[in-house]
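The chains carry the letters A, B, C and D, assigned in the order they are written, with residues numbered from 1 in each.
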Amino acid sequence: MTDTLPTLADIPNGIVSLSDYERFAGETLDTNAWAYFSGASADEITARWNRQAFDRVGLESRVLRHGKGGHTRVELFGKKFEHPILVAPVAHQMLAHPDGEQATAVAAAALDAGFVVSTLASMRLEDIAVAAGPRIWFQLYMQPDRAATLDLVRRAETAGYEAIVVTVDAPVSGARNREQRAGFRLPDGMSAVNLGDYAQHVPSAALQSVVFEHFLPIAAVWSDIEWLAANTSLPVILKGILNADDAERALGYGAAGLIVSNHGGRTLDTLPPTFTVLPRIVDRVAGRAPVLVDGGIRRGTDVLKCIACGASAVMVGRPIVYGLAVAGVRGVAHVLRILRDELELAMALTGCRTLSDAGRDLLVTDPLQLKL
Amino acid sequence: MTDTLPTLADIPNGIVSLSDYERFAGETLDTNAWAYFSGASADEITARWNRQAFDRVGLESRVLRHGKGGHTRVELFGKKFEHPILVAPVAHQMLAHPDGEQATAVAAAALDAGFVVSTLASMRLEDIAVAAGPRIWFQLYMQPDRAATLDLVRRAETAGYEAIVVTVDAPVSGARNREQRAGFRLPDGMSAVNLGDYAQHVPSAALQSVVFEHFLPIAAVWSDIEWLAANTSLPVILKGILNADDAERALGYGAAGLIVSNHGGRTLDTLPPTFTVLPRIVDRVAGRAPVLVDGGIRRGTDVLKCIACGASAVMVGRPIVYGLAVAGVRGVAHVLRILRDELELAMALTGCRTLSDAGRDLLVTDPLQLKL
Amino acid sequence: MTDTLPTLADIPNGIVSLSDYERFAGETLDTNAWAYFSGASADEITARWNRQAFDRVGLESRVLRHGKGGHTRVELFGKKFEHPILVAPVAHQMLAHPDGEQATAVAAAALDAGFVVSTLASMRLEDIAVAAGPRIWFQLYMQPDRAATLDLVRRAETAGYEAIVVTVDAPVSGARNREQRAGFRLPDGMSAVNLGDYAQHVPSAALQSVVFEHFLPIAAVWSDIEWLAANTSLPVILKGILNADDAERALGYGAAGLIVSNHGGRTLDTLPPTFTVLPRIVDRVAGRAPVLVDGGIRRGTDVLKCIACGASAVMVGRPIVYGLAVAGVRGVAHVLRILRDELELAMALTGCRTLSDAGRDLLVTDPLQLKL
Amino acid sequence: MTDTLPTLADIPNGIVSLSDYERFAGETLDTNAWAYFSGASADEITARWNRQAFDRVGLESRVLRHGKGGHTRVELFGKKFEHPILVAPVAHQMLAHPDGEQATAVAAAALDAGFVVSTLASMRLEDIAVAAGPRIWFQLYMQPDRAATLDLVRRAETAGYEAIVVTVDAPVSGARNREQRAGFRLPDGMSAVNLGDYAQHVPSAALQSVVFEHFLPIAAVWSDIEWLAANTSLPVILKGILNADDAERALGYGAAGLIVSNHGGRTLDTLPPTFTVLPRIVDRVAGRAPVLVDGGIRRGTDVLKCIACGASAVMVGRPIVYGLAVAGVRGVAHVLRILRDELELAMALTGCRTLSDAGRDLLVTDPLQLKL
């Protein structure tokens, strides 16, 4: 770690929003890393939809209400969070900054943000935990061997992670054309260190279909979720749910929570944007478990719109690594600070003292349409 | 004042519409002032929506009607106005032109336009009133101290203002990223002179949440409106109402009129455009009080569309300061002249002799949609 | 006239559609003339809508039908037309080409197209008639003095015009900003020669409202139509009708036909596109009179779509003068030839032997919308 | 043939999707050939719609399902296909690459793709068959003389073609403006060799209407289909059906299958996109015959969307010739490989083990619309 105390002193001038961080990161990162972090699948339609879905929906203003004593606090799985903005699991963060996941951990802790560490972190999950605050979760890619999976879970439990986030939407890797065009590969010396001890499964060249003959046979299925939930005391949260039927199944197989996610548009292109599928999932879950959401959240208003739809909290992916790339710990902290400030502004101007004041009546679904 | 008699003699060639003034102002103003006047909140979606909402709606033509004796007159709060176009309150006008609010006042008077003076004017409200015509209103930002608020109101009453416009949509300032990126600040020597005599409230650096712990606790609430209405003989008009429930409340707490406004998109981004929320508010108010509207009005057809929806009058913000920046008094006068001429054209071509001929049947909500 | 026999020999290479003529005309005409011909009112929204309305609607294909003996013939007001494409009245055609309206007349005759001569033609209506074929109509702007109006009508009758097209949508001139910015004026020596003998009415500078005090008082009203219809044996066709109520009135006051038109977007901006209002007008007229339409027709498919909606024929404005500007008689002829060829193609591929085979079932109103 | 064994060794770097091939082909082909292959009719609206129709529709994700043993196999007209992606008939392939249709045949065979050979191939259908795999069909343009038609069919039968695809949507050639502007003509030595032996019908210059007097009288009609079906033992498949009524008729006149196609937008502009008309046709056919579809298919997700709507298989046109132009056999093979891989990915991520798992519930028709 080059520094541990986040201050915003040397953030470049003119950075005042998450989109500014994106722009600056595009100039800071090399082509390889930029393609990896910013890219999405195929024509990146889902990635764009994630943003557009928010930008088409309006918020009701409500004026002259008492706002004193308001706050952004939320409780998730029995733990208190100062605000509903979590850091999404993003692999290989040392590609963005030498301080990698530890820097992100420090910033998240300083800004009271929950932090989800990826299975594919570029640092050992134990080392990240040391730098982190109390609200950390471990994102798990189920391994072909249950023993490996269980070992990862035990390590996370031991290191103090408070939940297991199982990412279920990536049994195969998406057609990430931007990465492919850039010829992306991890730099020498960087790797998924947390998986170093387990056997890797490389597809044989002789297969007719790498999808149906290699990847799907070793991919997790619903019964594996049941097994996992039975084998850890931590809440198991499924990440990558996009419709009500899978949400229902998730609860049935033991999930304690859900994250509505399309992996930031990085798996299958033209999966629907997360924001528009959120209400149906919230309706089906009907309070039986917290529903979180990620994908394209860049503004405090986006956060509030999700909460208004019934999400308990949100996660942010790319902006975090952009902050990391541009200014390390301070960048990540600044990203989180901006987003939280914007959320408070949005609450103030829509007359919400607490997040529970934000319901669906806050949302204007067709703001441009004149109705007479 | 460099001149008092508006003539259009030395307007730059090629200025024939309000959008031309915008373009010229962008070239005339320095980056600082341009960011301040033209900027809006966050991604400026609401600001764009304000315009798009008008540009998507059609007007019915009605031909061969008698038009003789037609006029644009309207009565508001017992006073006659030659036409329904008012100058919206815009702060710090000396940033646009050394003649500042006085120039605007002169031009508004010459063009028979109502003029609303901002609490944050760069000239003393008394000095502006001297230059102004009879139809002036005072825009009030409620002060944390009731004494200060009352003092402002008394000064306005004394100076001859005919109404108090209380802006209720800005308890906190929006995330005006364009301004922030430009590092906007008022030039030396310019300030909100009308507030100079009252104590200012600066947020302490120690606060966890500047929104919930500083701004909201000192912000006005509904009961303050009731108190204000009880303490002035002038009509109290609430500016910044965007939905029917708040409109209802406003009337209940003593407002004599409403201005449907999202502050030109400068407070919370993705608030709905004013034009599309107007009909529901007019319906709820149901004639109990005049409803005005502002935001994105740039064409005579925009004015007519608002009137057709049931607005009593409209206000125009940025174009006025663009006119001021480009050509001082003459520029403001020209802006108002263009808009009024365009309104008359629009009335003539839609077969309206008077504004009361313009009803909702004049509006085509989906002009591009073929219906078979 | 520099030539009388249209051949397509020296049309510039690469001109294969009406949009090519637009492009070439933009390069051929000087700024002044280009602004006049291509410009429309205000932000030119209606002009764009005219085009977009066609481009959003699909056509059904119908295959393997017998097409032998098919044709494009149509009868209007008791006269036979080889095809339903007429030349719209466009003023001041000598601004496009020294051969002016005479060239257009020759080309229209050669291509069997009906030709409507504007009151504001740059050549005498009598001289144009000499060069023209049998299918010519006279477009009339009603004059403030009935005597002048009647004189124009008598001259048209005498010269062999077969119908009087009364343009009713321009009692005042639109805010044609593009022209204004270009400082458009007629070149020396060019004028509305057909009006030279009548007294002109210039607005006095002293007026408060030039619209309500000058133009509307001298504008025609419904009873003038009744008077006109009673005073000529020619069919009176009203041009500039945009809704069913005015269509009904038109028939009531003696009109023998209607032209659905928004003057190519040149009068009031945001009037609806002609194509989308056409069906409601056709429905109301219910066969009592022919309904024609103009505005944005640039493709054979546009013609067919109008016919399918129930129009009897269409008129084309700007493309004609673009053809004239680029290549005189030959250009106009080529424009008409392209459009007719495209119409025949469209008929062939939609399985229409004659225009009466084209009904509303040919139109796909939401071609991009998947319906499951 | 310069080579027969497809390897992907020397594909240019950075080609990872079909759109990359389009880009590279645009740089490889000369203006003439590029205009021919990439162009479409008139304003190319239908061509764009073909793509947009896919890009507006979402796919449901379904997670954690068993995928082992999955495959892409499909049966058509009693024959097995490894996957549902066929090569559409595209004329004059030697214009793209000297190896022409033979190269395409080799690549299609190597990738187990059905291949449809055009009547207008630049090589003799017998010579193409020699290079091809077992799954080849012959695309037939019905000739004015039945004898010529029958001769073509007999040659195809003899050469081993397994079906006759009759293209019915081009009785006349579309207004292909891009080609016309480029002055497209076939290079010397290239021609529609398969028609060389039959008399050609050239329109006489004296005709009034080349469409109604030349082309339509010699065009095929429904009874010709009946005759053809009765005169060949091969299944007759009609290509170019765009609505349910024509689909019904096709079955009635003896068609064994249908291809929903608008000829890649090359005949009549503003014909609807094939994807949106597909469901109604599938519904009407109701399993009586296989329904295939082409037009704008560029992604595995597009293929899956068509299958989900009820198509049995899809065809791909331009991308194949782009692959051919860029890298001959290897290019075509790569295009097919990419598309099949993407299809498998799409199946995996939507939880489809086989194509029959893909139903309409997989499709999200309005993915951006928030519904509360």
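Everything below uses one rule, namely that a residue touches a chain if its C-beta (ideal position, glycine included) is under 8 Å from a C-beta of that chain, and two chains touch if they have at least 3 such contacts.
Note that the structure is predicted; figures quoted are calculated from it, not measured.
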item	value
Contact-graph separation of subunit A and subunit D, given in steps at minimum	1
Interface sides of subunit B and subunit C: same vs different residues, half threshold	different
Rotation, 0 to 180 degrees and nearest 5, that superposes subunit C on copy subunit D via CA atoms	90
Distance-maximising chain from subunit D - centres being C-alpha averages	B
Subunit B and subunit C, separation of their C-alpha mean positions in angstrom	41
Rounded Å distance, subunit A centre to subunit C centre (Cα mean)	59
Shared interface positions of subunit C, touching two or more other chains	57
Chain contact topology (line, ring, star, complete or other)	ring
In contact (per the touch rule at the top): chain pairs	A-B, A-D, B-C, C-D
List of subunit A residues in touch with subunit D within their complex	42-43, 45, 49, 52-53, 56-57, 168-169, 171-172, 174-175, 177, 180-181, 183, 209-212, 215-217, 219-222, 224-225, 238, 240-243, 245-246, 249, 262, 267-273, 275-276, 279-280, 309, 360, 363, 365
Of all residues in subunit D, those that touch subunit A in their complex	13-14, 16-17, 19-20, 54-55, 57-72, 299-301, 341-342, 344-350, 353, 364, 367-372
